[in-house]
Amino acid sequence: MNVISRDASNYSYVNARVRSRWALLLDADEYDTLTRMGPSEIARFLGESEYSPEIDALGSRHSGVDLVEHALNRNLARHFDDLLEWSQGTLYDLISRYLRKFDAWNVKTALRGVYSETDAGVIDDDFIRAGEFDDALLGTLEECESVESVVDALAETVFGDPLADALDDYEETGALVPLENAVDRTFYDTLLRGLNAATESGTREFVKFLQAEVDFRNIRNAFRLARSGGTIDPSEYYIEGGRLFEASELASLVENRDELVARLRESRYGDQLGPALERLESADSLIGFEHALDAALLGYADHLSHVFPLSVCPVLAYILAKEREVDNIRAIARGREVGLSGEEIEQELVML
Amino acid sequence: MLRPERMSKVSVTGTKNVVEDVIDVTHDQRVLHLSDYDGSIEGFDAGSPLEGADAASEKLVTVRSLINILDVTEEDAGPARIVTDEALEGEFESVRQRVNELDDERAAVENDLEAIDERIAAAEPFVSLGIDLDLLWGYDTLDVVVGEGDTDAVGHALADAGSIRSYELYTEGDVFAAVAYPESNAPEDALSEALVGLDVERYEVPEEEGSPADYLERLEHRKQQLKSDLESVESDLRSLRLEHAGFLLAAEEKLSIEVQKAEAPLSFATTEHAFFAEGWIPTRDYESYASALKDALGERIEVEELERAAYEPPEHEVGHGEQEAVADGGRTDRPPVVQDNPKVAEPFEMLVRVINRPNYFDLDPTLILFLTFPVFYGFMIGDVGYGILYTAVGWLMYTRLDSDALAALGGVAVISGLATVVFGILYGEVFGFHLISEYVWAGHPPLHKGLMPAEGEWARLWLVVSVLAALLHLTLGYAIDTYKRLRHGAWEALTEGASWAILMVGLWVWIFSRAMESAKPELLFTSLSGQPLGFTGFSPMVGWAALAVGLVGYALLIYAEGAIGAVEGALNSLTHVLSYTRLAAVMLAKGGMAFVVNLLFFGAYQTHGEFHFMLNHGWSHVQSTHPEATLMFGGLVHGPIAAVVGGVVIFVLGHALVLALGVTSAGLQAVRLEYVEFFGKFYEGGGEKYEPFGHQRTYTTQD
Amino acid sequence: MYETLVAAINMLGLIAQQSAEAGSTVAFPPAAGAALGVGIAALGAGIAEGGIGAAAVGAIAEDSDFFGIGLLFTVLPETLVILAIVVIFIV
Amino acid sequence: MAEDVKPTRKNLMEIEDRIDLSERGHDTLEQKRDGLIMEFMDILDQAQDVREDVEQNYEDAQQTINMARAMEGDVAVRGAAAALKEHPEITVRSNNIMGVVVPQIEASRVSKSLDQRGYGVIGTSSRIDEAAEAYEDLLETIVLAAEVETAMKKLLDEIESTKRRVNALEFTVLPDLYESQDYIEQKLEEQEREEIFRMKKVKDKKEEEERAKAESESESEAAADAGTAD
């Protein structure tokens, strides 16, 4: 084990802090209590937890579900900014690579918002300020008049060139698909670009973690394609970098769902995926399966963070878990608002 | 005292139409620690909040937010008052709007200030360069780069650049402005190209007129304006705070109580028409609570004392049989813990809680900590001067600080400080000087630290004493463990509890025996040989017998714990005991440090294996009176005036350092012995804090 | 960190060699050996404490209640030094 | 009315023909009406089902889209919604139920596969898929509902008019005809009776004349007799 890191990464410091934050995540009992509360009660409950800075800051302006949503987004951003602030060296680099997924999210949000002629304020609400983009850039993006100007505004970022390349396709088809795919692909490509797991300390675990994430993403999309049918070339939606399957095999697996399931049962994630696959058989909807898949990824991340305690894994596992918590609380608050029953809401929660 | 306060489990059952009354009474009584319903009773669901919880929560969140934004503190509260519902509609809404406006304003001004600061920082290089700003931008054919870096390298790069026809370089320190006239066929950014690869930080040229100094002044002026704007917004906020603080705090309290009451059913079990609440209550409060409920509601509710929690954990919790588990509905909620110690020992509860709150079935080690920790600490520092300072600082913390933890720490410091004073008197030391030794004990204090060569025996004695203290302390730990296990039968207590102690004691009696004497360090037999003990080691017979007994203990241990026990048993019985030698080591180190500080200031000489500070006279005088003495250090105080001044600084800082290190080393090492070596033998912890349902009113009055 | 450790040991070795070359009758005085032993033990403890300390500072930054335990964990490896000192007394 | 008709035997025969025709028409219409009502009942059941389906699907769609908006963000859902470039095509053909022309509406390309929905697949979740699916289902049920409700309306109109025609026959036309028939028959009977009476009178007169002739003959004979004797 790497007791003393050779690069300047401060694993023990960051991981100690992350573990403390981890301990503050809500547990099943607290979720259960939340499902019986009204939106404002949820906000009040959060105001007495580690969400208090956000609730206190926003409580005089918003209320109910709105307040909860705003506080959740801000809280997420605060935690992830903190991660970057604490970490140094390779660790910093790896975390910032991973957090770029929020940049990708923000780019897609801007594209979709501008494309659907949504108000800047609504787009702004959906930004998650946890990536590298600063407020000025996000401000520019949400004010853009056309998809082309969004792409222009992003020229200086890693998404610039791939988006510019995809712009022709967009103009031809009028659909956002090429642009969205370009963003997602860029994110996954840049995640691992320039990393040499063999030589650089600390990156081996990162790669392992990401392979799992990519694999799970591919599994999820494979099932969506299998469900939707149609004549889609699955390789078009395949993300490189995983260890589970090749683009070429995906095509035949998507045609035959049973084969896909069998294949997954035997895979390295078989143990983790067991419950998810069972849920798949019992329900028509994929949402439940995706929840189980998310839970499986959480579990796998947790597993990695225990196997490699002094690595980037605990941080990444925390990022996943924190995101999950925010989604869960949001689901509860929204679910209560639209009048879902306690049981229905619990279906929407993902817990380890 | 060694046990927490006895708790009773109480249930309250009634129909839904009295639930609010039950909550009101329970809230006022503030004794019931509610247990969450775990869903184990058929037909009973976990309850939902009462009507109005959401509305009150919404207001509460807003009020708290306002308190936070206005930075209201307890001191701002006026007299206690009644908050009416009307006030929560009218006054409240207007405060909210005003606060939001001012908060927006403040954010805007702060934003502007930040921007100005950035521009000021950006303008500074230009000021040092001194070239008028309008000369640096707005050219069609010329390229301008302003930056900071190795100006020579920039010069060379410009001279070498093929695409630049002519250039001019202005420098001031590391800051430079390069103006270039590129060839007509050169690419657009010829100048930038030329500078690629150089370690140069480029500055953006502000598109302003006039001298940079004027520009900077304009910015500074604007900054001042913004600052005064900020000041006025903040003063508005302050006056808003003064005006409404009392109302907001009272509203917060009123709404908190309202919400707390309305959400109480979250931990109840409910059906369509009935509810069932359970909780823990200190047994001595049960009668008054039950009669309060009966007075208010008579026969309409049922209050019952379900059990008085025994201090032994229920059988199912340790995995022996399941009868009780079924009997109380499979619940595993343990009674919350109210520690019950004499007032003087209470600060030490905090030290115990640092590890963990004792659980209800644990023995509360607070009292033992109270008896041993100060002794360890006092022994290690053993200095009247330091002791008085610790006591004084501790007293200040204990009486002045709001934080419970820090106040408790102060209490610990007071008691440890007093112990330090006691040991200091016995050692005869004040701030490392043997003044007490001379004036109280006439030069012969009962104890010595063993720092000086002549007292070497004492140092070895302390080492052995540390080991003996370890054996006592650890045996006590094992004894508590054995006692706890006794309820599972004598055999388990013997094999899993006592066996450890038998092994340890047996081993150490053998070590202190003259069996195989030649292989053992001499100090075992010499250090305690003086009167009154006259101990020169146990006889080999006793030694071998003890070892045999110890090995029996070891065998029992291995039988009970397996391979891990084998390794741990052997290791712990040796290292845990030796670990206590840190008592002697830290004592010597502290003494040594204080000595060094004094040595530097006063200087000292050595004679007959004793060190003497030169408090009154310099070395030359000593030489004349003690010709056999050797000089250790001349002492800054006896040197020139500059040395004296430096000496005073060293003296004060040095003792401050020793004082502080006393806390971090002696304190920590003592606490470590308690936590790691002592607690490790028996302590479980994990108790739940007793938090009775209710609220202490401070800003509102009822009715 | 490793480099520091290696350098420190090299240096100590060098000092030992020099004192041996100086031709004194006791090439390596017992006191020096003892000091070296304690020194190396302390260095080891220091390295261990470095990592633990970083973690402790991290945990304390999140939750000041952890202060006590954090400090405690940080000084745990000091037992190494204590044991080294005991050895000196015994030898 | 009846009085307008000339009570001739020819007219009677004509009326009798018309009565025959009307009665037969009435029966047919009545059968048609009953048939239409049966058809209508069938469609009504169907319409009720469809209506419930629409409500249910609407609720489902609303719920999935709410959750999708909650979990994936408002903008993501809007973006996915706006991304749809191919709108479904609606074709209307006609169908004949017992002579009633009802429309048959067919919508093509309502249900789409993942790649036709116009949003990126890689980074989205099946929440958006299922929201889209729910709305596709809703649209399909709405199309079906439109078809069924139109058919229902047309059938209802037809039933109404058939009913009116049956009633007209039953309560106006046929009674009139029967009345006319009665009237003519009555008149004709009366005429017959008159005729017989007249005949009788003529016969009586004739007999009297004959008797008188015979009397006068016998008198002259007696005179002759008397003369002779005389």
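Per-chain numbering from 1; labels A, B, C and D assigned in written order.
By definition in this document, contacts are C-beta pairs under 8 Å (C-beta built on N, C-alpha and C of every residue); 3 or more make two chains touch, one makes a residue touch a chain.
Owing to the predicted nature of the structure, the values given are computational and were not obtained by experimental measurement.
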item: Between A-D and A-C, the pair joined by more C-beta contacts; value: A-D
item: Chain nearest the overall C-alpha centroid of the shown protein atoms; value: A
item: Mean-CA-position distance for chain D and chain C (Å); value: 109
item: Separation of chain A from chain C, taking each centre as the mean of its C-alpha atoms, in whole Å; value: 45
item: Whole-Å gap separating chain A and chain D, where each centre is the average of the chain's CA atoms; value: 65
item: Separation of chain B from chain C, taking each centre as the mean of its C-alpha atoms, in whole Å; value: 26
item: Every chain pair in contact, whichever chains are involved; value: A-B, A-C, A-D, B-C
item: Residue numbers on chain D that touch chain A, as the complex places them; value: 62-63, 66-67, 70-71, 73-76, 78-83, 85, 112-116, 118-127, 129-130
item: For the chain A and chain C complex, residues of the former touching the latter; value: 3-4, 6, 10, 12-17, 19-21, 86
item: Complex contact set, residues of chain B against chain C; value: 351, 354-355, 405, 459-460, 463, 521, 523, 575, 578-579, 581-582, 585, 664-665, 668-669, 671-672, 675-676
item: Residue ranges of chain A touching chain D (in the complex, touch as defined); value: 104-105, 108-109, 111-113, 115-118, 122-123, 125-126, 173-177, 179-181, 183-185, 187, 217, 220-221, 223-225, 227-232, 237, 239, 285-287, 289-290, 327, 330-331, 334-335, 338, 340, 348
item: Chain B to chain A touching residues, read off their complex; value: 36, 46-49, 53-55, 57-58, 60-62, 64-66, 68-69, 96, 99-100, 103, 259, 263, 266
